[in-house]
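Paired with chain B in one complex and with chain C in the other, chain A is shared by the two complexes that follow.
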Partner chain A sequence: MTQPVTTSSGAATGDGGGVWRRSWFQALIVLAVLVAGYWVSRTLGHPSWAGGFPTGLGDGFMSWLDGIYAWIVENRNDSPLFLYFFNYVSVGLGSAVVLINQALDALTWVGVTVLGVLAAWRAAGWRVALLVLVTFGVFALSGLWNASMTTLALIITSVFIALLFGLPLGVLAGRSERFYRWLRPVLDFMQIMPAFAYLLPFVLLFGIGNPAASVVTAVYALPPVVRITALALREVPEGSIEAATSLGSTPWQILTKVQLPLAKRTILLGVNQTIMLAVSMVVIASVIGAGGLGDAIFQALSKVNVGQAFQAGLAIVMLAIAMDRVTGAVGNGAHTPDVPERLRMPVLGGGLAVVVATVVFGRLFGLGGWPRNWAVDIAAPVNAVNDAIEGVIGGATSAVGTWMLTWVLSPLSEVLTGAPWWLVVLVAAALGWIFGGVRVAVISALSFVAVGLLGVWNNAMDTLSQVLVATVLTLVLGVVLGVLMSRNDVFATILRPILDAMQTLPPFVYLIPAVALFGIGRVPALAAAVIFALPPVIRLVNDGIRGVPAGTVEAAASQGSTPWQMLTKVELPLARGSLLLAVNQGIILILSMVVMGALVGAGSLGFDVVFGLAQNQLGLGLASGLAIVGLGLFLDRVTQGRRASHA
Partner chain B sequence: MPRFPRKNGLLRLLAVGAALLMVSSCAVRTDQMVRDPDLVRIAVNGWVGYEASAEVLSYILEEEMGYDTQLMRVDEQPSWQALDQGALDVILENWGHEDLYELYGPEGNDTVVDGGSTGNEGVIGWYMPAYLAEENPELLEPEGLRENTDLFRTAETGDSGEFLAGAPGFVSQDQGMINAFDMDLEIVYAGTEAAQMTEVQSRYANEEPVLFYSNEPHWIHEQLDLVKVDFPDYYDGCDADLEYVDCDYPVYDLNKIFRKGFVEEDDYAYQFLDNWEWTNSHQNEVAGMIADEGMDPTEAAEVWVNENPDVWREWLPEGYEQRLQ
Partner chain C sequence: MSTQRTEPEGNLSDVTFSVRNLWKIFGKNADKVVGTDLEKADSGAIKAQTGATVAVRDVSFDVRPGEIFVVMGLSGSGKSTLIRCLTRLIEPTSGQILLDGEDVEQASEQRLRELRRRKVAMVFQHFGLLPNRRIIDNVAYGLEIRGVPRAERYERAREMIGMVGLSGHENSRPGQLSGGMQQRVGLARALAVDPQVLLFDEPFSALDPLIRRDMQNEVVRLQKELDKTAVFITHDLQEALKLGDRIAIMRDGELVQVGTPEEVVGRPANAYVADFTSDVARTSVLTARWLMREAFPEEDTDGPSVEPGTVLSQVLPLLSASVAPVRVEENGELLGFVGRDDVLRAIAEDQLEDEGAFEAIVEDNAEDLPATAAEDGHGGTTPSGNGG
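Take a look at the complex of A and B:
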């Protein structure tokens, strides 16, 4: 293969254009080798030495996992490991969710609303309180009050667990470099692993329904609070700690009196992130029997009812936005009403009295959840709009879909699955070398070998082809829209709230219109993945271009650059850091949609994860999930290779 | 960074303490989770017929008998597991699954009880639109189908014919049948039943060929004119090797599965569910309203309950009214 590119020099800064272009050229050569290899293998009739990865070892691994599964099912209520540990956790968590849910029911809908609004006012001011009121209004009017309370109970439980473990871990990581170095890869792994993939093992250990759902949600939401807490503690000025030490403080005193108070704001930011992740995971957890809003969406999906899904999706978006604003405001304290010290207790007491009074009132009149008949149905009009859109562009989109399948997806998948496995591994290594250096090359090769060893090579290659196509589409669309957004402030103002909403909308919701427009198969899955991954890409491109120094732009303009030259020679190259980040984020989001896509016929790895979950085949489900992580690791490292080696 | 020599010792002490506490207190079984005694927890598997049964029963339990119900949407296999763990009380419509009954039933974990027939008879098979079968009657025989798989080619499957499979959680032996009857077919997994049905409906509307997995009772048969491919009848053990199945699916007598603890409590809710029995056409009426007319499931159940009091009054256990006082 061609020469390695030096990664140490100023490739990412200054004039890296030459090196950059050379890497693309090398990458093209490598891809040409891959296609040639496929062609040779095909002409020779796919001999065994040039086929897919041998599956022997993978099959053994899967049946070993299936054995573990069978053992657990038989011994869940006999083995001490379960009797004295896992069952404690699962019974405790399951009971916690039920109890919180009952408590919310006991407060009645008026009580919950008054409590929520007053708490939001005290913490974040009247604007946010109003938002909370609207949110409760949406829960009630959409007829999803009970589902929302279930979701809320689940979120409270899992955020509590996430913080219970996350904060101490973060503190330890903030104080011990060695511990942090050991912890960081674990956190990376947790973030790349698609949420669906680890549902099954948790179901197995903790039991289906609320217990597993709360553990899974907590695990998914844990990384940001650990990372940000660690970061916050590290950022506490050395001077303050030294001063405290010289005054004879014990380490415990330093932690509680100096470090934690100074780091409080940043830590709260981490808590905020954790809550947001928990909200998005709770929806996915409906697949393992967690009730609530996620279940409402899942049900609508299973009946292809776009309107119903939209209604439940709206409730989740409102919940997410409200929780974000409340915790965000607590973090920066900007809008907290300024209550004088001596009035604090009376205000608190008065608030409690109001809440108690409403609850008593609510119970006296026998109000429980919001009565169904008072619900406003927006499902029907949304469905009508959706049908109209489908009627107008349905023909065109299905033609595009067929074209996509015949000319892009199928050939690419054919090349990746048909090429000899060792060639694919070598190509991955070469790409890693070109874009990230030796370390990345080794990681890339190893992750492909691992995918092969898991025994799911062919499916993984098919999934890879879908992910690659989705990534390219996302980037093209994202760059175009991002550039437009950076050029036009009006467009940007219109687009921004839409992007916000899109990012909080659960991915389930995207699937349904995709099926309506593109039928079943890989194309609707592709469409849903692209839509899901677009918002952050657009945002990052926009931020990157807007971040180019005004002086540079002016200098180029005064030298007579055309707008096109300005964009391609000045703005995009200077925004490369943001662009690379956009590529990276886009890929991770697309990977997280692999399993969702299987719900509308994408097949391959995603389907096997869903199948494993549905048919209790731990081996197949987990192996496929891990293979997705393998692909993710490769794509992640290749796309951020340089940045990482500079950091 | 300051080091903490005492930290490890302290942690170890805590861990040992926690372990001792757990072991010294009693062992915990998963079915000891807090449960509201007025709450009936019903599994809902992912097809509309099942949902119809669940919604009707839940409506009567709530409105007539004063219970709360929780409908938990899970796949078939996990819902057995949930009964075993005590997270659910009943599976209303079970299709076969003898292996699971062996595992969790009286011979195995002894946590579930066979609740007898629901009155519904279940058929699974390969279906195609009637217009297709009229033009090509030979497609209804395995030999004729084998010769003509090219009719079902799509962009998704390329040179092979397409077979649209159901949701991943469903009972399936399709690949084995494809192997045994040597058909050039590729299975496309829709991922959910709804996605599959949308595709079937759109092909039917365009009078295109389509071959797919389906079952009866199912609302789609009320809406579209479909015929079933006639494979050799099921015989004992023909589906032993799922890679080679030279027979059709068996005919299932659909039954209920209860959590053992739920049966032992012998509450009115259990007695009611135990009495429940209805026909395929009852189920299709409700399922049709939900899936075809897009009615809210609870409303559909309400309509059926209001129209058929003579049917469901039979299921109510004696003395249930005492609950309401």
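Take a look at the complex of A and C:
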């Protein structure tokens, strides 16, 4: 609620006070102090008072968590809480996923395809129907039909749960200002939490497998539908509500006859976003034992089989795009076929009849899932192509990778882990103060101390170094591409649909090309993070520059600015708000991806999460998850503090 | 239901809405003003001391059955808040509102809904239509929420749509209609529940002048035809004079004057009202009843006769054709006379905004004027002789 305090540092005033009052300069000094501190510590041979965070407390915390985990495992079958609640939920969800999966099987592959295509046509027109047909084609031909159906069943289950809780919460938040004020920080927090950090608590409660996966997916996908439903209800014109009230509507009638119908389209956009988040999380949840396409990618990546990963990745990509187009079209109604009112029931009936007929036909011929031997295996050719490409540019990419590792990643990681921990905490606080004010400084310091207390200091610093490098890369690339996009309409027209598509993809699939190019290790994780975070950054830079008032640009041109002066003195400064937003969004995306990079050997916090899961070391896994949250909090607050006070 | 409270002023059966000492104060300390010393302070002082904003201040008035009661004031005068207090769309801070003798303030949520559903319907400045519903469903909304079966409510809605001249648009959506047509829908929606009272909140302010005139005529027609009582909010004096049986002028949350159009124009309560009405052409507001007087001795009394409600601009042609004053008659009964001098005086006052200027000019030129003219001028006196 409280606005970030505007401090007296005057860093953002920009005018007067010289270079000393500029925030970038102050930040540079702070970083120089950090490097100096590291150098001193190294020269002294890393004495205990000037080294990494003492691990004693963290170890205690972890073994305490391990104890809790052991207790839970022991008591899962007699504690009433588990016996009568979590286990029931778990069994229920497990059966829901299985049931839906069986239902999809019972429809047979022809039935599912016909149903999907007809539904897509009715909701979104024939183009999208065609896209859905192609998607089912990819499922079938890649031999991943069954995995796809499992993924679909998981998505349906978790979206159902998310909407079951999200819609009522959104309605409450839309109607009650107090409830919304209470809920909003929770949603904010949920949205900066990297997906990986969600996983462990749910494993604790539900064990490994589909139930935990569907709950974690539902929770992860919850915020947009709540937020957008609340927003949509608030946007219903006051006049319509007042008029309905003046005619004597009850609060329930106002909700059902005025607010919900008028907010419907916007709410559907929220549902669309929730579905897309569910698609991305369901893939990540393969780490905690969710089956389906995510598992296929997970398995392929762990064997570094690019071809197999590509196959499954393609299926996921098609699924994501098709889901987005169908649900998005329901939301904005743009391409919905215009069926006259009196024909609607007949059309629906006809469609159902066709589906039923197809299913009966399918059952008669004993069809089920798509037969495996009809699949076209593209894994081998993709691997061949990949090998060929690697043969040509492999030398170059591995050189780039090695250079990156030796000259950038490792030194930075070394400085962060080797400098006295208290100095790092102070530096974090100082940066928070420079960029966000006193409140942010306190939050930053506390986040870092918490990370230390959790006992994962070194890994956290390593993760941080990856995030920082990826952020710098992303910003440089993003600003260059964004500026180009704002300058060149043809380029913008080409780039925009690509960015759209990239933003609908689950982050998991970005690991595949990264592995293909850089093998495994920290560098591919970095590359995946950069690719993943680039689209929103490019878009925001472009929007910011294009949003500069034409009159201002004209005035600057009339005074004889060169294009470079125009960019650096007029456009970029005026687009400041968008640029800061780009930094903020980019850095949060990068963190979540870098952590996921553990799956391709990036180590650090993400690895601890996976390792903790795999080895039943829940203490380590949970502590790492919490440390990820701490880093996220720091990065988010530092990059958004000023923005709020300037808006 | 009817709590028979006896009201000191007037007979309850003659009053539809009876409003007494109504206050509406917005802000945190709203309840710390009324009944304290602050009550008398001006709005600025109250705002400074408590942070609360006074929107309606100690307002009392009665609305009689079948009349159009116009509340007129500039924006920010509190008139929209006032009309919303009548059915508690905005909760009043204090005061009493009786609707047919029933205390609206004391009504339960359910009773209040019942009043809104059956007795009082409102028409809004920005229409307040539901854009996702067809016109017929908009008009039928009030019936739908009180559970009238579909066939019945559609029949009623069609009838209302016909009444406001929109037949054929039943299946359109509000967005497809012009502003004037949308307001007709708003009107039909209010009429569909067959309310006893219609509340209009600046219903025509958002419309073009020509359409506004049509709609005003429509309201007059429907109100007479259906015998509804109406409270009408406007910031447009012409509209107020055209529609109002009585007009209440509001300023800074207070009622400055309540009276017939003639009273407001002809005998403004203070400089504010006078200034407000100064641009009005009196000949089109003042009536024969307002100007009529006893016959002078030896005056010719067989001039043409007019109804007492005839406005001056229609008396003028008769007077130009006849030297004798017109006879003001109602049902054959002689009420009084209006002569050329009386009309001339009214016109002269119209030209010179305040009476002082008129007197000054008359006095300055007294010696140049023929004696009789000066005498007649005094004989007419200031227009206080409201013969009725």
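Brief remarks follow.
In this text, the second predicted complex is superposed on the first by the 597 of 647 C-alpha atoms of A that agree within 3 Å, B and C clash if a C-alpha of one lies under 4 Å from a C-alpha of the other, contacts with A are read in each partner's own complex, and residues count from 1 in each chain.
Here is the rule we go by: contacts are C-beta pairs under 8 Å (C-beta built on N, C-alpha and C of every residue); 3 or more make two chains touch, one makes a residue touch a chain.
Worth saying up front: this structure is predicted, and the values here are computed from it rather than measured.
Once chain A of one complex is fitted onto chain A of the other, the partner contacts of A:E554 are absent, as it touches neither chain B nor chain C. Once the two complexes are overlaid on the shared chain, A:D188 sits clear of chain B and of chain C alike. By the touch criterion stated above, A:E235 is placed in contact with neither chain B nor chain C.
More chain A residues lie in contact with B than with the other chain of the pair chain B and chain C. Legend: residue contacts after superposition of the two complexes on their common chain; A:I520 is shown touching chain B, with no touch to chain C. Where the contact sets of chain A with chain B and with chain C meet, they give residues 245. Within the complex formed with chain C, the chain A residues making contact are 237, 239-240, 242-250, 253, 257-258, 261-262, 264.
Residues of chain B touching chain A in their complex: 1-2, 4, 19, 22-23, 27-36, 46, 48, 70, 72-78, 81-82, 84-85, 87-88, 103, 108-109, 155-156, 158, 164, 167-169, 188-199, 202, 290-291, 294, 298. Considering their complex, residues 73-74, 76-77, 80, 82-85, 87-88, 90-91, 94-95, 98-99, 102, 175-177, 203, 207-211, 245, 251, 254, 286, 288-289, 291, 295, 298-299, 301-305, 372, 383, 401-402, 405-406, 410, 515-516, 519-522, 598-603, 607, 610-611, 613-616 of chain A touch chain B. Residues 87, 89, 112-118, 120-122, 124, 126-133, 141-142, 144-146, 186, 189, 193, 199 of chain C are the ones touching chain A in the complex.
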